[in-house]
Amino acid sequence: MIQKRGKAALSLGMAATLLMASACSSGGSTAGSEASGGSSGSGGSGKAVTLKVWVPINTPELDAVYQQIGDDFEKTHDNIKVEITTIPFADYFQKLSVAYAGNIQPDVHGLGFGQLISTVDQGNYMDLNSLIQIDNWSGKDDFYPDILKAGEWNGGLYGLLIPEIRPLVWRKDFFKEAGLDPEQPPQTYEELFEFAKKLAKKENGKAVRSGLDITTSTVNNANSEQSFLSMLLLNGLNLYDDKGDPTFDSPESIQVLERIMDLVKDKDIVFQTDVNVTGTLFQNNLAAMSFASSYSLAQLSKSIGAENLGYSLPPKGPNGKQTSLMLGTFMTMAKKTAHPQEAWEFLKFMFSPEELLPFAKASGYIAPLQSLKEEFVKLDPANQVVFDAMNDASSYLPSANWSTNVKYLRIGLEEAYFEKKSPEQAMKDAAASARQENAKK
Amino acid sequence: MKKAGATKSLIYVFLIVITLLNLVPVVVMIFTSLKSNDELVSGSFSLLPKHWMFDNYRQAMESGNWALYFKNSFVVTVVVTAGSLLFNTLAGYTFARIRFRGSTMIFVCLLAGMMVPAQSIVVPQFIIMKSIPLFGHNDIWGQGGTGWLNTYFALIIPALSGSIGIFMARQFYASFPKDLDEAGYMDGLGYLGTYLRIYLPLSGPLMATLGILKIVSVWNEFFQPLIFTNTESMRTIQLALSLFKGEFTIQYNLLMAATVLVSLPMLAAFLLFQKQFVGSVVSSGVKG
Amino acid sequence: MNAKWKRTLTPYLLILPNVLIYFIFIFVPLLCVVYLSFTNYSILSAGHWVGLSNYARLLEDKLFMGAVRNTIVFWIVSVLPQMAIGLVLAALLNSKIKGLPFFRAGLYLPSVISGVAVSMTWLYLYDYQSGPFNAALKALHLNPINWLGDSQYALMSISILGVWVGTGYALIVYLAGLQSISQELYEAASIDGATRLRSFIRITVPLLNPMTFFIFVTATIRSFQVFDYVYVMTKGGPLNSTNTIVNSIVDTSFAQYEMGYASALSIFLLAITLVITLINYRVGTKTLDS
């Protein structure tokens, strides 16, 4: 009897171990031998191949726009079927990473800017350079170099960016209201702050309109590190160095934060936590100037009229820098895809001028191709600025430490803006915590 | 007598006030669903809509193949509820009324499963789901295909076991008088027979409560369908609801309109089940 | 012998369907999480064994410990009112009143709406500038409160929402319990001349012990896993005042890509809730037996 019970327990334990071994082990092993790629059929040999494509979208209307690319592609490629799945940004990475862990990742997929540059070192994405070389792909030279560079890491190219460039944008109606020339944006860093003070609107000692759109708390899809980074870039600074070590606690960076704090203390900035809005202050009529992409302002432009929005390159920083922040969505290939050639065909197709132009028009994105500049400027003269900005655009540097650094920077910024700590103390503490955690990873 | 009447009125006033307060958010939700876009972006809040946009409901339902999403959610909810009610109450009865070796141990293990969030166990769950042999083009070793992923199985089977359901049934049956088991034993019934003949007929309130809890939780489940399904053909209503939420803008009115419609079947189910609450049952079950 | 075997085996067979599914889809993944908590597995690449270092790190993680503190506050502030209000309402509803279906449905309605939709509605209610709550405060000549934007109030505001949603749950479970209490007991009590309040405390409350234990344990488990409201309304802010354990776990797994460490956080969460449950279990079984 005891023996029998022992046997039962033993077999139960064995079943558990077996199941566990299979469930735990296949998780995300980068050296997986067989690439299922979630697609059926083998490449070549005339058999139809199904490509799985996943893209994150930030507005539901984008679904149809992406589906169109799939339809167009299938029309010109008889043997390849494309299954495009669009997923809201908020849920996207969870779904994608679990699919990677289960080894059934899509063949081609989008990635947020930060997501790519912080996970590229894990070896899951295909280096596109070899495919480009074999093909002698002419599209490469058509790309704006700074935009192409965004997807580079360690000599490889891991994603093609659909960029979201953030030059200066201002509200002409608010400029008039403040007695400023609506056609004259600030030209220098000093002027930027001067204007920001003039443009701020206060009621009962509280800001009801920001002069400059500074995100003070990360809530409802407004991220505090982004407006801060825009300001750093004008000073030739970044959040961390190429080794991923935080630099936002450098004396120069702290100085930038202190300048912003002048605005905060002067009640020139609306606090994100005082208003229940989705997105940035500027998107919600609560700021007069911002570093923002035309793409993110489509809704605003519709409601207030495009004639009330002005675009220009950012004001010259103290050292003459006019770098714009660049974010966006990368299109990436899974390294383990069973159909690299077909996947590459799709990427090439998507980024060809013929396909990118209607896509960009329909989605509101700007195509990062030099050959399309004229077309876009014709479409809207304001696009001239965006294309000019692509000549000098920068963003997060590739680093696995991105997520930790940003996490603690957000805390530090909030502590500074809410005056819980001095800017210096807040940045030093945040950087120290980030360093400590980076070391433990 | 007067005093009793006063107490009664006081109870009524209290209940009415509490119930109405409780319904304020629901009312706000309904009115929001009837507002126009312009009114929502204007920023000023008023309870009643300026223009009653009943058209929002039509628009919300035309935003996708909602008939399909309702069907998916309906199928999953019905099967899960029926199956889990049977399994859970049976297990709950066993834990409550039968002494057997390891019962406490097994029971605690069952509870432990509720104590980590779904997000924590999702990766191994996903891999197991993908590796079910002979399903979704898998071979006998569970390799090569997608198993139960993107099928009803993925949404139904795991939900059939419910720790909460077992727990509640156990607590419910624990308060039954001991005479019931003896009555069953006298009648020569086995464990299963005792459950079916004696306990099940007395389980009205339990079934009603458990049923409504399970229906609501399955109907409102978001995370599992998000991770385990991919195609529109498998989309459930909660996934569809999440699509109204963009990164820069939320279509509050359409979202709320759809939410109201999605919640209606839950209200209907509640009203349907609550008939079961009526009447004290246990006392009538025990003779003498 | 045969009959005896049958009686020994039957209980196991009766729980088998449930336990088998549970074992495959919940318990084995849970064991995996235990295993992963000793590795530095990132969701995108295989990790290796790191021993107890995740647990050592957890104890020094100020951010996470803040989340633990917030979660415990949320638990205490939301669970007890839920149960108390739920019990009182259930007792009132059980006292042969008219309009019972209306009250019951009206009181339970909040619990049938999905967490995300509920959170978005409450975002509205809590709006600092123009929300109805502050409109009411202003009408009473009180200062408006920045419900979600002030780190002093944010956690309390979320707890209020927790009470609103959870009360309906306690209510219907208590109702089910009350329905199964024999009326004869009350009749006996009323012969003794006991007042309603006294019979409620002396007879009803002890008889509801199994339900109280159930509600307490499940409400505890759920409140320790509070996530939806925080995720939709505050993202853990301001100043991390509403950061909760599950918010940390999700962030660590999917934004920080540290599944191994997040697994350790999950096991920590499991341990806390298990201890609370077991303490209750002891107390609960004692009162049951007596």
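So that you can tell them apart, the chains are marked A, B and C in the order they are listed, and the count of residues begins at 1 in each.
In this section, contacts are C-beta pairs under 8 Å (C-beta built on N, C-alpha and C of every residue); 3 or more make two chains touch, one makes a residue touch a chain.
Here's who's who by UniProt: A = ABC transporter substrate-binding protein; C = Sugar ABC transporter permease.
Since we're looking at a predicted model, the values are computed, not measured.
Asks: Take chain A away without moving anything else; what clusters of touching chains remain?
Replies: Drop chain A and the rest stays one piece.
Asks: Report which of A-B and A-C is connected by more C-beta pairs in contact.
Replies: Taking the two pairs in turn, the one with more contacts turns out to be A-C.
Asks: Which whole number of Å gives the spacing of the CA centres of chain B and chain C?
Replies: 15
Asks: Any idea how many Å lie between the Cα centroids of chain A and chain C?
Replies: 36
Asks: Residues of chain C touching 2+ other chains?
Replies: In chain C, the residues touching two or more other chains are 24, 27-29, 32, 43, 124, 127, 129, 131, 254.
Asks: For chain A, jot down the residues that touch at least 2 other chains.
Replies: In chain A, residues 19-20, 23-24, 27, 94, 98, 101 touch at least two other chains, as defined above.
Asks: Mind pulling the chain B residues that touch 2 or more other chains?
Replies: Counting only residues that touch two or more other chains, chain B contributes 119, 123-125, 128, 242, 250.
Asks: Tell me, which parts of chain A touch chain B in their complex?
Replies: Of all residues in chain A, those touching chain B are 19-20, 22-24, 26-27, 34, 36, 38, 40, 58-60, 85, 88-91, 94-95, 98, 101-104, 221, 278-279, 283, 296, 299, 303.
Asks: Within the complex, which stretch of chain B touches chain C?
Replies: 8, 11-12, 14-15, 18-20, 22-26, 28-29, 32, 43-45, 47, 87-88, 90-91, 93-95, 98, 100, 103, 106, 108-117, 119-121, 123-125, 128-129, 157-158, 160-164, 166-168, 171-172, 174-176, 190-192, 195, 202, 204-206, 208-209, 212-213, 216, 220, 222, 238, 241-242, 250, 252, 255-256, 259, 262-263, 266-267, 270-271, 274, 277, 279-283
Asks: So in the complex, which bits of chain C are touching chain A?
Replies: Per the touch definition, chain C meets chain A at residues 23-24, 27-29, 31-32, 35-36, 40-46, 53, 57, 62-63, 123-124, 126-129, 131, 146, 148-151, 234-235, 237-240, 251, 254-258.
Asks: Residue numbers of chain B touching chain A in their complex, please.
Replies: Going by the criterion above, the answer is residues 41, 63, 119, 122-128, 130-131, 137, 142-146, 149, 226-227, 230-231, 242-250.
Asks: Which residues of chain A touch chain C once you look at their complex with the stated criterion?
Replies: Result: residues 16, 19-20, 23-24, 27-31, 93-94, 97-98, 100-101, 118-119, 122-124, 217-220, 271-276, 403-404, 407, 411, 414-415, 418, 420, 433, 440-441 of chain A touch chain C.
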